[in-house]
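We call the chains A, B, C, D, E and F, going by the order they appear; numbering starts again at 1 in every chain.
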């Protein structure tokens, strides 16, 4: 087990992916924007706009900015980005899915999309509720690449994170 | 109680801050990158680099990108950005502090700085642990502006969010 | 009458606004995305999403990027950005409104918002109709600054540009 | 005939190009910046600079920003971008040409290059003429990809759009 | 004498400019792109384009990106940016001038403009000469702010740096 | 010998790389941030932070921005970026290494990484020493592509540039 982002002298570095195969890769991430019932009710009742639509679009746009935000991330040609946002009992639940054909995975892109979609929901609700919390931002699934398929254990999910 | 980001027809909109006073404003946000003990140990033992330093710098840089990421955020001239990251029992705890002299608050900038610093920690540890979770991203304090000072209730904090 | 973007030697330059007063300024721009009736019908019938909403948001985001796109534009702190998009007989009509308190006007920001909103509509419809045309991108109104209020002559409007 | 940017539930989405072949693709777009004769004369007489050169460069740079501006556009590795700008009777006529080897076309990149080049011309002339209009932004040609070659009908061109 | 970019624990930080006065500030920087005589001749003879014009524009655009490139730089509203490029005996000499009305100086903006203009010249000539060197990037003058006016000693200039 | 960035009419243009082979390419660049002994001593004694670490990270991030800064640069998928910074007798010596698998070389990316790392060092030291100079920014090595391997002559290096 080793931290791939360190060189031999212990300095943080970008992983060299020059020799890695270009394969289809996918990552799915999730996050919850937890808010109180009163705020959630006000957002749900918003007369006709779809406040979750702007969050979706912000998340899609952010996935494309990942390599600009995370210093050691490689630029990748994303072939698909999707963000879904829906009301849950506790607030707004967001899921993102990102695909590429490239030499490295897209976990960071999926997580960045979910994070920025969540921040966008927060932004629209913050005047009502300063206690909103963005929680449970995590990788749900990952496919492709040398390490193969990963699926987060749903039991573990329930035990360890409130969303 | 109203959602300021909606116009009269219920459509999402950017708040007009043309007439708001320019005052000193500050926001402090926090987040936890929760990882298992083995990963945390590996990161702590990293021979000589400081893996948290890159997260700090990524967070500072991200605060300046907030208006590019969150569609309805106003561009602001940030006068100070600080991000602190330290090891805790459960992982890496991050705090961000942002200041401006402007017509609107900097909560989103502080939250974005904390979120991107957390994602950067995640990126450096993800080869060791696919179960890492970013959790408890929330506003801790806010000063300045019409709504005055806000400080998150520490008791509430303990009861409701694991970090 | 002189071109302000030229220096004494005739070279293109950025106007120096160091000594100009900070006043409230507003600009309103418009544009039409002209498409054939079949395409327009398909967009209108889109089952439940609001295809114009994504165009609005893209336009708002683009206004904040104006100084990055137009080389001689000054960075400005926009205090309000709004983009409206609605179906017309010929296609989708877009209007943008931008405000600032600053030393120079926001025409370019309003025009950029309208242009990018129009390009976003185009992007969503281009699979149906390669003949779509973005037309009549123009300043409709301008307030504030030394040159005072400008309002485009509606008669002239009708005579000279199809939208 | 279907709108590719909608998912089964009618929500706007990014097209998934993961399985599409990487082929050579090209798109050519055009636009006219229409201005009055007096403004056009002043620009033409500009003593020695080449006001159209800055528009060309802004257009080339903008093509590379397309995926950051248009939310549902895919990032692509552009292999060539060219923008030409010349004086015409009515103002400045701009043509852009973009090429890639990739899984999807470059219409949006060519249109964005042309639009930003036109906005840059507008910016340099706006002090002389508030009535400038950007008009006839459209796809002229497209090569490569499943849908094959498209060439805009020049007759249709003449009849329907003033440039 | 102290390094302002360090906090009390010795960690690198962004300087807090919240309490600093907004005054007019200016900075002038210079740099030399040194190339061999044959390359310089080829560039000078370029039939009709002005290869230095694109360098000027790239420098102006880059000044506006400074806070995105240099992590601890504050975002500032630049009121004027100018870049001049001219042929010298040894290659291309570039000078940049940046102004703001703000709480901190614009040295980094002037240096960034000069550096990117120089890199742009390099890019256009690199096919002819791999030995091109960008040298003598330095602050020439600085006005405004608490530390007052600074002018680089021209004698020192001659002794220590070849341009 | 010809300038590849000019079209037949002598106008500056982007090179068309549509037909060039995708091969592994690498470029190494270097630069020196020259400062006086007193400033250098203060930076070296910085109690516990690593001031060169932030410069490294800024350089890595900047390499990814190259095509946004240099107008005629092609976007490329960088597979590796490394920046090293160390104290030398005269100041801080920076080396950058960039790799890609693509149709064109990465000299500009390596030079941009080195330049921005150097500017970041400058930014952190500028309060102590206005005479700091960034010098000797040059290509050290280049591998891959049609023109094969290039290595700067170390003798030439010593004779012509002070670092």
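The rule we apply is simple: contacts are C-beta pairs under 8 Å (C-beta built on N, C-alpha and C of every residue); 3 or more make two chains touch, one makes a residue touch a chain.
This structure is a prediction, so every number in the text was calculated from the model and none was measured.
Would you mind naming the chains that touch chain B and likewise touch chain F?
A, E
Return the chain whose centre of C-alpha atoms lies at maximal distance from the corresponding centre of chain E.
Looking at centroid distances, A is the chain farthest away.
Copies chain B and chain C touch; is their interface built from the same residue numbers (over half shared) or different ones?
Under half of the interface numbering overlaps between copies: different.
I'd like the Å distance between the centres of chain A and chain D, where a centre is the mean of that chain's Cα atoms.
33
Indicate the whole-number Å distance between the mean C-alpha point of chain E and the mean C-alpha point of chain F.
15
Where in chain D do residues touch at least two different other chains?
Within chain D, residues 11-12, 49-50, 53-54, 57-58, 61, 65, 68, 71-72, 77 contact more than one other chain.
Once you've mapped the touching chain pairs, tell me: line, ring, star, complete or other?
Drawn as a graph, the chains match no named shape, so other.
Dump the list of chain pairs that touch, please.
A-B, A-C, A-D, A-F, B-C, B-E, B-F, C-D, C-E, D-E, D-F, E-F
Can you check the complex and tell me which residues of chain A touch chain F?
11-18, 20, 67-68, 71-72, 74-77, 102-103
Applying the document's contact rule, which stretches of chain E touch chain D when the two form their complex?
Against chain D, chain E makes touches at 49-50, 53-54, 57-58, 61.
Please give the residue numbers of chain E that touch chain C in the complex, ascending.
Within the complex, chain E contacts chain C at residues 24, 53, 56-57, 60-61, 64-65, 77-82, 99-101.
Name, in rising order, each residue of chain F that touches chain E in their complex.
1-6, 9-12, 31, 38, 42-43, 46-49, 51, 53-54, 57-58, 61-62, 65, 68-73, 107-108, 111-112, 115-116, 118-120, 122-128, 130-139, 142, 150, 152, 156, 160-161
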